Amino acid sequence: MSAPMAVPLSWMLALSGVVFVIGLIGVLVRRNALVIFMSIELMLNAANLAFVAFARQLDSLDGQVFVFFVMTVAAAEVAIGLAIIVNVFRLRETVYVDEINLLKG
Amino acid sequence: MTPLIDVDWWALGPGLALSGGAMLLMLLEFVPAGRNSSRGALVALASLLAAAACVWRVHEVKRALFDGMFVHDTFTVFFTLLFCGIAALSVLLSWDYVKRMRINQAEYYALLLAATLGMIVMSASNDLITIFLGLELMSLALYVLVGFRRSRLESNEAAMKYFLLGAFASGFLLYGIALLYGATGTTHLERMAAFLAGSPLLSNPLLLMGGLLVLVGLGFKVAAVPFHMWTPDAYEGAPTTVTGYMSAGAKAAGFAALLRLALVALPDLQASWKPVLIAIAALTMTVGNVTALLQTNLKRMLAYSSIAHAGYVLVAVVAGGNEGAAAAVFYLAIYSLMNLGAFGIVALLGRDQDEPVLLSDLAGLGFKNPALAFALTIFMLSLGGIPPTAGFMGKFYVFRAAVQAGQIPLVIVGVLNSVVSIFYYLRVTVALYMEEPAGEPTAVSRSIPAVIGVVVSLALTLWWGLQAHALLEQAQRSVLGLM
Amino acid sequence: MMLLLFAVFAITLVGCSLMVVLHRNPVTSALFLVVAFCALAGLYLLLQAEFLAMVQVIVYAGAIMVLFLFVIMYLNLKRDVEDGLQFALRRGAGWLLGILLLGTAALFLSRGWAPGATTEASPPPIGNSAAELTSILLLVGIVGAVVIGRGRAKPPGSEEPAP
Amino acid sequence: MTLPLLWIIPALPLGAVALSLLLGDRLGRRGTAWLACGAVGASFAFAVRAALALAARPEEGRSITEVAYRWMQVGDFSANVAFLLDPLSAVMILVVTGVGFLIHVYSTGYMAHDPSFRRFFLYLNLFMFAMLTLVLADNLLLLFVGWEGVGLCSYLLIGFWYTKPSAAEAGKKAFIVNRIGDFGFLLGMLALVTWTGSLQYDALFSAAPQAFVAGGIAITVATLLLFLGATGKSAQIPLYTWLPDAMEGPTPVSALIHAATMVTAGVYMVARCHSLFQLAPISLEVVAVVGAATALFAATIGLAQNDIKRVLAYSTISQLGYMFMACGVGAFGAGIFHLMTHAFFKALLFLGAGSVIHALSDEQDLRRMGGLAKKLPWTHATMLVATIAIAGIPPFAGFFSKDEILHGAFASGHYGVWAVGLLGAILTAFYMFRLYVLAFRGGSRVSHEAEHHLHESPPSMIVPLFVLAILSLIGGWIGLPFQRGGHPFERWLEPVFGAGGAHGTMRPLSPMIEWLLIEVSVVAALLGIVFAFRAYLKDPSLATRLRERWPAVHRMLVHKYWVDEGLDALVVMPLYRASQRLWRFWDEKIVDGAVNGVGFLFEGFSVGLRLFQTGFVGTYALFLTLGAVALLLHFLRQ
Amino acid sequence: MPIPWLSLVIFFPLVSAVLVAVLPREASRTIRTLATVAALAEVAFALPLWWRLEPARAGWQFVEQRTWLPALGATYSLGIDGISMLLVLLTVVLTAIAVIASFRAIEKRAREFYALLLALESGMLGTFLATDLLLFYVFWEAMLVPMYLLIGVWGGPRRVYAAVKFFLYTMAGSVLMLVAILWLYFLNKNATGTPSFALDAFYALSIPPAAQWWLFLAFAFAFAIKVPMFPLHTWLPDAHVEAPTAGSVILAAVLLKMGTYGFLRFAIPLFPQASAQLAPWIVGLALVGIWYGALVAMVQPDLKKLVAYSSVSHLGFCMLGLYAMNSQGFAGAMLQMLNHGVSTGALFLLVGVVYERRHSRMIADFGGLWKPLPVYAAVFLVVMLSSVGLPGTNGFVGEFLVLLGAFRTNPVWAGLAAVGVILSAVYMLWMFQRVMFGPVTHAENEHLADLSFRERLVFAPLLILIFAIGVFPQPFLDRMQPALDRTLALARQRAALSAPGRVEIAVPGGLKVVIPPQPSGGTPPIEGTRR
C-alpha cells in the first residue's frame, strides 16, 4: 500500500470534474477557435488529473503512463490544430467559428 | 527458444507494412516527381497488399501481442482485411482524383496509410490506451486529409470543424477512459472484464459514467445521433475520396472498438445499456434518414445516409450476442463497400474544380453514360436495402439478429426507416434517368484505377446480394474471438 | 500542509481556468492557461507524479502554450466581439448545460462510488508498443502541420494558392 | 326416332355470324342477306323437325335433354352446356325462329340501303343465337348466358345507328336497366343453387320442395329476385323505362327483339320456373299485381303518345303485363299462349309501322300521318288485322289469349286483377285504334316532301306482313275454349305445367259465367274502338276538349309520369355527383391526401432537422453535450 | 440430372435482358427483334408446364432446391402447382404481348426499355415460383426496380411522382412483411430447432393465435397494398396513368395478382384463424373497393384512370372470393385473377392504341371512333364486355363463381358485391358510348388508322383467351382446383390445430384487444330453408 493520501481522492476528482466542465463551458460559449482549442486542452488536462489521481489511489503506474501518452497526443494535436486554424485564418481573415459556416443544412 | 522469429511477426505485419509504407512515402516527398506521378499510389497500394497478405497468412491464429495490449484473433483479421480493402479501394479512387484536384502529394497516401494503421490498431487493441492512441492516430490523419485541399474554403472549414469537435469528443472519451480506469483499476479490456465478473460494482457510478463518456467519444466517431452533427459538414467539405474513406473506415473502426469494448470488457453491463442504445439507434436511423430527404448535394446526402447506416449497425449492436455482433460486422463490410462505391462515383463525376455535385448535375446521365448510371443506381438501391443487392442482405441479417433478440419495435423502426431512406436514394435515380439535363451534362473522369475500384465494389455489392454466404460465415467466425 | 497546498493549487487551477474561459482577450486567456497548467503540475507533485509534473511544465506550459501564444500573436487577433441574441442564448445554454452536467454527475456519484483496485500483482510493462505508436502519431502531427501550414510554397503537384 | 339435334338450332345463326365475320365485306349485300336468312330459315326447319319429333313421342316422354359438354365444375357445383326440348321450349323455338325468319326477310328490304347492312344482320343472327340458347337451355345458368346475350344484342341493335347520340344513349340505358334486373336474377340463381345444389331444371325443381319451406322467406326472396330479372328483361314496373327508348333502333329490331321475342324472355323464365313460384304464393301475388299494374300503367301512357313506335312500345309493355298477370294468377299456359299470339300481332304491328315509316321517309310522328289507307293498301290491311287482334275481337288471335288470361284471373279469384285487366283491354283497344285512325284514316297530314316519296313497300317487306297477318288471324284457334280437358295448346303444355295446368289452382266456372266474361271483354274492346273512332275520326275536337279539360292528366301522360326525369334527378344525378365527390374529395383529398400527407410530414421533419444543422461548431458541440447530459440523466433516473 | 426447368423459365428473360442491354443503342431493329424472340421463346419454355404439370398430384412439382445461405437456413427452392402455373403462363403471355405492343410506342431508349421489361418478367416469375419465403421476398422487392424505372422513364408527365409513389407505397407494405417473415422464421426455429424459410415448414407450424394476428396483419398489409385494396389503392391510378402502355399492362395483369396470390399462398393458409377472424373486415374492404372503384371509375375523364379504378373494383371481387373461403370462391377468385389479367391488360392495350395515334387519353377528346376504327371498336367492345362479365366471356365465369362462393358464406356479401355487376356496366358502357358512339366530334379523329396487322396480332391471343375461358373454363378450372382445394384444406386443417377461442392481444401501451371467437361452420341457417 502506498502512503496514506493526504488529499482525498474525491477532492481530486471533484477538482478534475470542475476543470473539465469549465473547459467544456469554454468550448460551448466561446467563438474564437483558438480559445475553444485552449478550452479543449483544459478538458484533456482535467482527464489527466483524474488519471493521475486514480493512479495514486490504485498505486499503479498505468495511469501515469497513460497521461504521458496523452500529452504526446496533445502535442501532435496542437500542431495540426493550430495549422488548420492558421490556414483558416489565412483564407478568411477570421477565427471566429460563427463566421465560418459555408457548410450547413 | 526463438520467440523473436515467431508467428507474431506475421501478425505484426500490417503494422510494420503500413508504418513502413507511410515513412517511405514521407521520404519520397523529398524526391521530386512529376505532377502526375503515380508512385505514391503505387507505394500505398503495395504496403496495403503486404499488410493484407501478412494478416491473411496467419488468419487462423489467435494470440496476444505485446503482452496483451493487442490481440490477433479472427476479429482483428476480419477488420484488418476490411480496412486494407477500404484503403486500397480509396487509393484506387484517389489515383486520378488527387491529380485532378492538384493535391497529388505523397503525404496524402502517407496519411491514408497512417489512418489505416490507426483503424487497425483500434480493432486489434485489447487495451484502452492503444484504443485511444489508434483513434487519435486515425483522427489526426483524417483531420489533415479532410483539410488537404488547403486553398478551398470548404475543405479547411470542414477540417476545422472536424478537428475542433473531434478534439472535444476526444476529451469526453479520455475522461471516460479515466473513469473506467478508476473504477476497475486497469485499462486492459480482459482484466477489466475479470475485475467486473461477479463483482457487485456493476452499478458503480464511476463505471457507468465512464462507459457513458466513452460512448460519447466513440459515438462521435461513428456519427451516432446526437453526436453526429459534424458529419455532413466534414463529409461535404473533404475531398470526395477522403469522404468515402472516412465514411467507411472511421465508422467501421469506431464500431470495431465499440464492439470489442462492449463484448470483451463490459459484457455484463449490456442490460443497463440496452435502453440507451435502443434510443440512440432509433434516433440515429431516423434523424439521418429524415434529414437526408431534402438534400440536393450528393455528398451531403450521402453523409446523412451514412449517419442512418450507423443506426442500422447500432441495431445489430443492440441485438447483442454472437449474432448481433456478427450482423454488425457483416453490415459494416457491406456498408463500406457500397458507400465507397457511391463516393467513388461522386469522385468520378466532379468537374475539375470539384464543384459540389448536385442532384441536378446527374440529370440525363442515365442514358449518356449508362454504365456509370447503372453502377450508381445499384449502389443507391443497395444503400436503400433493395434486393438483390448486398445492402439488402446486410439489413436482413441485422434485422434478423434484432428479431431474434426480441427487439421487434426497433426492427419496425428500422424497416420503416429504410422506406424513408428509399425516397432520397430514388431521387438519385430520378435525376439519372427521369430528368433532362439543363445544359451540358456533367463531365465524367475516365480514370482507369477508379473505374477498377468502382467495378470491384459493384461486383461485390451484387455478388454479396446474391450469395452472401462466404462473407456471412467470415463475419460469424470473426466475432467468435470476442466471446 | 498537503491540504493547504492542494487548496492553493486547486483555487489557482479553477480560477485560471475560469479566466481562460471568461476573458475576452485570447492572449490573456493563453497566459492564464499557462498558469493553470503550472498549478496542475503542482497537483501532480502532490500526487507523487514528479515526472509528469515536469513533463507538464515543459511540454504543456512550455512548448504547447508557446505555440499557442505564437499563433495568437501571429494572427494578431483583437478582442473578441461576442454579443447578439443568438449568441447570448447559446452562451446561456452552454453554462446551463455545463452546470447541469456537473450537478448530475455529482448527484450520481453521491450515490456511492468506489474506485477499483489493481487486480494483478505485476502491471504489464506498457509503453513498448504504445511508444512506437506515439512516434508515428507525432510523425503524423508533424507531417500534418507541414501539409496544412505549408504556406505559399508550391511543391510539385500541390495546388495553386487561394486567390 | 333420331335425336332432334338441338344444338344445331342455335348453332346455325352463330355459324352465320362467324362466317360473316370471317368473310367480311367480300360477302356482299346479297350474300349477307342469303346467309342470314338462310341460317335462320334452316334453324326454323330444324325447330319444326324437333317439334315434330317431340310431338311424336308419348306425352310422358316429351322432354329431351342434350348435353353438349361440361361447362364448369367447381367443388359440388357444376353446370353443363345442355339443351332441353320440351313442349314449352318447342313453342318458344318455333315462335322465335318463325317470327325471326320473317323479320329477317323483312329486314332485307327495310335495311336495303343502310351502309351497315352486314353489321345489322350480324347482330340479328347473333341475337337469334342468344335467344335460342335462352329458350333451349336446360339450366338457369345457360339460360342466363342467352339472357345476357340477347341483352347485348339489344344494346347493339338499339344503338345500331351509333352516330345518333339518342340511339347510343338508349342502348346504354337498355343494357344498364337490364343489368339491374340481372343483378336480381343472378342473386336468385345463387340462392337457388346454394340451397338446392343445382341449377339444372329437373334437379332444381325436384329438389326445391325439399330444400325450401313452401311459402317461406327463402323461396319467396329467391323467386322475387328471379322476378326482378324478369321485370328487367320484360320491361315491367319498375324496370320498364328502357323499352320505349329502345325504339331508337331500326324498326325490325323493335319487332323482333322488343316485341316478339326478347322481351318475352322474362315471361318464359317465370313460366319455366313455375314450380318454384308455386312454392312462393307471395311471389306469385307480386307477379300478378306487378303485371296488372304494368298493363294498366303502360296503357295509360300509350293513350297520349304521338310517336307511332312509342305507342307500340307502351302497348308491348302493357301486353307483357298481361302475360305476367297470367303467370301471377297461375295461368302459365295462358301466359305462354298470349306470348305466342302477341309475337304474331305485335311483330306485325311493328313491321307495319316500319313499312309506314319507310314509306314516309322515316317519319314517325302520328300527327304528320293520316289517310294512308289508300296509299299503302297492303300495309293498311295487315295493320288493321293486327290492330283488331290486339284489341281482342274474336276470332282474331289476341282475343283468345287475352280472354284466357282474364278468365284465369277471374277463376282464381283475383277479381281486382281481372278488373284492371278489363280496364286495360278497353284502353288497349282505344289507343290502338287511335293509332290506326291517326295513321290510316282521315285526311292526310303528311308533309309535302314525304308525300312526294310516298310508296308501298317492296315485296320482301309485304310478304312477311302478310304471313304474320294470317298468323294473327288464325293463331289463336289452337286455343279455342270450351273443350273437354282443356284446349289443344294447353294440353300440349301439360307435361310442363302439370295436369290441369293453368287451372290447377282455379275453381271451375259455370259455362254461363264463362260466356258472360267473354261478352264483357268483347264489349270492352268494342267500347274502346268506338270511342277511338269517335274521338279521332268523327269528332276530332273531342280529343282536344278532353285534353283541355284535364291538362294536368294529359301532361302527365305525355311525359310518361315523369318517371325518366324523376329517376334522373333522384338516382342518376345524385349518384354521379356523389361519385364526383368521392373522387375529387374523398379519394384525392382524404385518402391520397393522407398518403401524400405522410410525405409532407416527413419533408417537414426534414426541414426542421436541417435547421439544427446550423454550420456552427458551437451548436454542434452544444448538442453533443446535450446528448451526454441526457444519457447521464437517464442513468440518474434509474 | 433433370433440367432445372423453373430456373430456366425464371432466368431466361434476365439473360435475354442482359443481352439486349449490351447491344449497341442504334441497332433498334435488332433490339426489338431480340426482345420479341426472347419473349416468345419464354412463352415456348413456359407453355409446356400446362401439359406437364399434374394438377392432381399433391405438393410442389418441378422442385428445385439448392443451398443458398445455409447459415440462415435460406434455400434457393422453387416449385410450382396449379395456382402458380396459371399465373406463370399469364405472365409470360402478357409480357410477350407487352413487348410486341411496344414496337411503336417506345422509340426512345428502346434498348433499356426492353431490357427492363424482360428483367421485370424474371422478377415476377420468381415471385410466383419461389417456395422459400426469403427468396420470395427477394423477388418480390427486386421486381419493384424495373417497374419503377419503366414508369419513371417512359411514363407521362407526372411519371416521377407516380413512380416514386409506387415504389415507396409498395415497399412500405412489404418491409413489415419482412419483419413478419423473420418472426415466423424464429417461431419455426424455436419449434423445430432447424432454421428454415421454407414455405412447407411454415405450413406445418402451429402458430399461436395472438402471433397469427400480428403476422397476418403484416402480411396482409403488404398484399393489400399490392392488390390494391381500399383504402390503400391510391398509388394505382397514378402508376397506371403515368406508366407506358406496356407498363400498365404488366402492372394490371400481373403485378396486382401478386397481392391476391400472396393472400392465397401465404396469408390465408399460414394464418387461417386470423384470416377467419378478420374475414369480415377484409370482405368489408373488398366490398367497399368494389363499389368505390366502380363509382370513382364512372366519373373519370381519363381512359386509363377509368380502367385503373375498375381494377380496384375487380380486384375487390378477387378478395371477396378468397375470403369466401370455399371451393367456389377460391376458384372464382383465381379465375378472376386470370380474367382481370387478360381483360384489363387488353383494355390498357386498347387505350394505348388510341394514345399512340392521338397522344391523348381523355375521353372528351374522342367520340364516334366506331366510324373510323371499326375493328378497333369491335375489339374494344369484346374486351369491355369481358370486363363487365357478360356470360360467354371469361369475366362471367369468374364473377359468378366468386359470387356463388360469397353467397354460400354469407348471402349479404354476395348481394352487396353483385351491385358491382350493375356498376361495372354503368361505367364501362358510358365510357364506351362517349368514346365510340355519336358523331366524330374532333376532326383529327376522322382519319385515324384502324388496327394494324401487328396490333391485331397482339389482341388475337387475348380475344381467344376471353372466349376460351368463358366458353370452356373447365380446363382452367381442372388445373387450378386441386391446388386450391389443397390450400383450402390446409387452411382448415391448420385452423383446427388450435381450438378457436377468445384471442387476447396485448397492444403496446397497455391496451388489450379481445377478439371474440368466430362461429365455425358453413352457411348460417336462413329462415325458410331446410338443411
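Lettered A, B, C, D and E in written order, each chain numbered from 1.
Everything below uses one rule, namely that a residue touches a chain if its C-beta (ideal position, glycine included) is under 8 Å from a C-beta of that chain, and two chains touch if they have at least 3 such contacts.
Per UniProt, the chains are B = NADH-quinone oxidoreductase subunit N; C = NADH-quinone oxidoreductase subunit J.
None of the values given here were measured: they were computed from a predicted structure.
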Problem set entry | Most remote chain, CA-based centroid, reference being subunit B | D
Problem set entry | By number of C-beta contact pairs, the top two chains | A-C
Exercise. Measuring centre to centre, with centres taken as mean CA positions, what chain is farthest from subunit C?
Worked result: D
Exercise. Which chain would you call central, comparing Cα centres to the global Cα centre?
Worked result: E
For this session: With chain centres taken as the means of their Cα atoms, state the distance from subunit A to subunit B in Å.
Result: 26
Exercise. Which whole number of Å gives the spacing of the CA centres of subunit C and subunit D?
Worked result: 100
Problem set entry | Centre-of-Cα separation between subunit E and subunit C, whole angstrom | 68
Exercise. Between subunit A and subunit E, what's the gap in Å when you average each chain's C-alpha atoms?
Worked result: 65
Seminar exercise, completed: Where subunit C touches two or more other chains simultaneously, the residues are 90, 93-94, 97-98, 101, 105, 108-109, 115-118, 126, 130, 134, 137, 140-141, 144, 146-148, 162
Seminar exercise, completed: subunit A touches at least 2 other chains through residues 13, 23-24, 27-29, 31, 33, 36-37, 48, 53-54, 57-58, 60, 62, 65, 69, 73, 76-77, 80, 84-85, 87, 91, 97-98, 100-105
For this session: Would you please write down the residue numbers of subunit E that are in contact with two or more other chains?
Result: none
For this session: Identify every two-chain combination in which the chains touch.
Result: A-B, A-C, A-D, B-C, B-D, B-E, C-D, D-E
Problem set entry | subunit D - residues contacting subunit A, complex | 610, 613-618, 621-622, 625
Exercise. For subunit C, which residues are in contact with subunit D within the complex?
Worked result: 90, 93-94, 97-98, 100-101, 104-105, 107-108
Exercise. Which part of subunit B faces subunit E closely enough to touch in the complex?
Worked result: 366-367, 370, 381, 386-388, 392, 396-397, 399-400, 403-404, 408-409, 411-412, 415-416, 418-419, 422-423, 426, 429-430, 433-435, 467-469, 472-473, 476
Exercise. Which of the residues in subunit B come into contact with subunit A in the complex?
Worked result: 129, 132-133, 136, 140, 143-144, 147, 150-151, 153-154, 156-161, 163-164, 167-168, 170-172, 174-175, 177-179, 181-182, 185-187, 232-233, 236-237, 295, 300
For this session: Quick one: which bits of subunit D touch subunit E in the complex? Just the residue numbers, please.
Result: 69-77, 141, 144-145, 147-149, 152, 155, 159, 162-165, 167-169, 171-172, 175-176, 179-180, 182-183, 186-187, 190-191, 193-195, 210-213, 216-221, 575-576, 578-580, 582-583, 587, 591-592, 595
